[in-house]
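Structures given as structure tokens follow.
Note that chain A is present in both complexes that follow, paired respectively with chain B and with chain C.
This part shows the complex of A and B:
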């Protein structure tokens, strides 16, 4: 029995292999994700039985529980899921491009760029009474722009007859430090409760998200993921190393710019709603690689699902473990992520 | 390098030292409250505790100038030792996660106990700094490749990420603690009293002296582990001693002034362009130039958005980042 299932259109215009192993893992992970989301919808300060949740989702529920599920929990869980997916795929692309398993959007400064933009936004658009002069809905836009700008600055600064992966990482780390300093500056200049607002965002939390955000984030992430799947082949080639990749006819520098843009956009969208949820972009692709190997066609969907599971899980723990206090999801992803990072260094 | 002979290096050091004294003097005289050199001299020679200028100069500006000098010197020396030890031109307390570790421990202590005396906080931050530095070094050295610059930088960034995420998590749950530590977290030499310095100074002083004495051995160590062992050096001891010095200096600095980055990167590079690679000259140069840089940054921090002040840690980040990027672009070949 073959390892692959071939897929061909007429006259072989489009053809590719489905890896059986990755189909198996994808289906398992989809089931796990759905179960976790269901569990997360049921659990919380008010316990709602999974059966009732399903009834409500099918449209037959009513009363207080329906409100909790539809307005409070469901958008939050969807956001957590898609933020996780976005961060994981962003990390997967970066790791393939930089060829260093330790790269991730938070380490090379993309998340910090979003943070600076958010605190700047909160500072600039406040009047003397510390009320915001524009709608808070612009905050994600600011974060997205910040992340994109820093991503591009990192890329441009690392150019020097093309860019090398190592230079990209180092410059990212340097800029991240500067961004953190600027974030601190704006937090000090602003009033204290504003700093508390910004701080919650900086840690990374899906607290208080709503359907409007869901409507923005899902199409954006889905679109970018499709793009990522289309360029997966090129990442595979680039992983072979610069010489081999150019040897087989790949435009290394042009592709690298493309990867940066897609990866930064994914991280930017995720950061814009949920703030700096760390280490997901680092962990998810690694776990995925252990399951299905390094081929990006399979790696991207698997990392995406694992990323979603990580963030939904972290949010569930943060919401329920220390009731009635809510701990931001970012704290838990860091708690799992940092030891995992150390383990990776150990193993290599 | 600019200075070739021992004579010129000596003159350069004396000149830098004078520059440092000038900066300290300026730091005492300049600021929001208008004072002249005359006022400063009067403040030190007489005992007129009612005078406004007296209070500003003796109670605020003088401790501030002394703290900036000590912290700057310590960070400069810590930076050059770290770079020699790890053979990594980008090593410095900030990049190594030392600052993030100290910050986390301090925030943790503040949120658990509201009445902790400041003397205790210094110890807490010492422990945090040592813990983070040890962790990063240990993690970076794991595995077959050993301690390469990139691995070390990545390990530092990850540990810093972990600690700062914990710090923010605690601050989210405890807004009162946020209020108390926010200014400290940005790194500042303002609003510290003489006592803060006096508590820590003995450790820093010991570390300076030790650094000077092991400079000869560091020279040998930078030739490479194998060469150093071949020449009969007990490399493990020298490394451990240098590690302790770094923790004392970086931990002491962060305890007094909070996390101040980039001095440890910028100063050693500048000093190397003056006197080359001999650690016996580099270490004193880095100390004096570090003091000059931090005092100057602190003076400029008072003027940027007057009447408010920018924490000096932010000033050094703004000065230091372009420098860091320049080194990263130039390549990591040289130590």
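This part shows the complex of A and C:
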């Protein structure tokens, strides 16, 4: 029996190719994601039965529990989900472009760019009384701009009659280190309690997110994921190396710029609300590759779901394990991620 | 049929000129092998024919038009290239790899047409790779892997195939297997095959046309039986040798001088 399902309209005007295994995994992971989100909405300082959660979601709940679900938990879980999706797909694209499973938005400096922007923002816009002189709502904007600017700088610096994957990585790692140094400098120079704020952001957390953010993040991530799926074919072909890719008619440099823009934007949007949640962009695509292989048409949705599961899971653990203290989600992704990274290095 | 030529082609890496003002006509429908010493620029020449390297001057002409002016997809529909020892992405299956040869015919809406499927199937059949279709490329043996890559270039359905040392790192059995396969593709479909080979004896055996490069330009070209002589080997490879006739094929065979255990009874 064939492992693939071709889909064709009349006269081949539209035709696609689906791998049964990836359809199976996508379905399973969607169910896991939904169950995890439901569990995460139920669990916390106040336990609410999943049934009640569903009732509330369908609009028939009232009182305190409805408030907890709708205002406190749901936006946070949705943000965690989409941040995970964004980081994972960003990492997947980078890994394909750089042809190295160790690439991810945190390693090539995109996250660090966001960090510097946030500490700079907190330092510049504080007055003598350590109060912010502008609205804190600008912080995500600063983070997004920081991430995009660094993504762009990495690209431009590695440009020399076209860019090569290895140059991108080395310049990215160099810039990331520089950005981290700057971040530390600003945190030492800045007011102490701002440093605490900044620190929460740097670790990565979805604490205190709200519906306004959800309304920005979801359309942005969904739009970028659709774009990523549109370019999946081009990533596939670039993974074969520059020579073969151009041999089959791919526009290497043009496409590479496109990959950088899409993956930086995905990481930038994610980082802007949730800060530096680390290692998701590294782990999720790698696990996905294990499940469905190297084809990006399948790798993008599977990475996305795994990324979402990782961040929602990390946030759930962070919220519940050490009650009443909350631990930022970034702590847990790093706790699994760092050993995973070392494992990958050894396996190479 | 597509024709391939270079005209006044000059190639350089920085200040370093590799090929100087070269004119070559690749014979259509034949097997052409580029030979020459290390660093003579044969791979560079092949890379520039595949538009992977911008010429300093002159250009590569495909069907009468400079490839620099053609769209990259148009070129890809006429000419395929297999670089030397390409890297395989982890977990990629043979089918997924071969499918990518269809890239120049596809668009976002048209990713797996009937023609794509037929071309991929016939490429797998020609290379005898059907049974490995679902296997991941990195789990295959060297020879099978090289056949998978060749299948990908076949799926591209081009008149011209360029290969950079397709037999490197393969043991003898696979070297012959791969060269036989390429020879057969040339015979059966009349595809023009251009490749770089290190082994002069194999080159002489499979090539209709041999092009020897030396000092940034062509030293000699033609039928191997006319071109490959002691003087030729001495000039191109700086090596003394005897040239005899291959006992099976009758093509020129070069036996290098040098040192070694001599168990021949020297007469006289």
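Some notes on this structure:
We adopt the following convention: the second predicted complex is superposed on the first by the 347 of 348 C-alpha atoms of A that agree within 3 Å, B and C clash if a C-alpha of one lies under 4 Å from a C-alpha of the other, contacts with A are read in each partner's own complex, and residues count from 1 in each chain.
Please note the rule applied: a contact is a pair of C-beta atoms (placed from the backbone, for glycine too) under 8 Å apart; a residue touches a chain by one contact, two chains touch by 3 or more.
Note that the coordinates shown come from a computational prediction; the quantities given were computed from them, not determined experimentally.
Superposition note: with chain A as the common reference, chain B and chain C can be accommodated side by side. Look at A:295: by the touch rule set out above, it reaches chain C but stays clear of chain B. Ranking chain B and chain C by residues of chain A touched puts B first. When the two structures are aligned on the shared chain, A:188 is found in touch with chain B, with no touch to chain C. In the superposed model, A:145 lies in contact with neither chain B nor chain C. In the superposed model, A:54 lies in contact with neither chain B nor chain C.
Of the two partner chains placed by superposition, only chain C is touched by A:251; chain B is not.
Looking at the shared chain after the overlay, A:242 reaches chain C, while chain B stays out of its contact range. Superposition on the common chain A brings chain B within a closest Cα-Cα distance of 14 Å of chain C.
Per the touch definition, chain A reaches chain C in the complex via residues 3-4, 6-8, 12-17, 96, 99, 101, 230, 233, 236-237, 239-244, 246-251, 289-290, 293-295. Residues 47, 50-52, 71-77, 80-83, 86-93, 95-97, 99-101, 103-104, 106, 108-117, 134, 136, 152-153, 156 of chain C are the ones touching chain A in the complex. The part of chain B that touches chain A in the complex is made up of residues 90, 94-95, 139-140, 142-145, 150-151, 153-155, 157-159, 161-162, 164-166, 168-169, 171-173, 175, 178-179, 182-183, 185-186, 261-262, 305, 308, 310-311, 313-314, 317-318, 320-321, 324-325, 328-329, 332.
By the touch criterion given at the top, residues 100, 102, 106-107, 157-158, 160, 166-167, 169-171, 173-178, 180-182, 184-185, 187-189, 192-193, 195-196, 199-200, 202-205, 276, 278-279, 282, 325, 327-328, 330-331, 334-335, 337-338, 341-342, 345-348 of chain A touch chain B in their complex.
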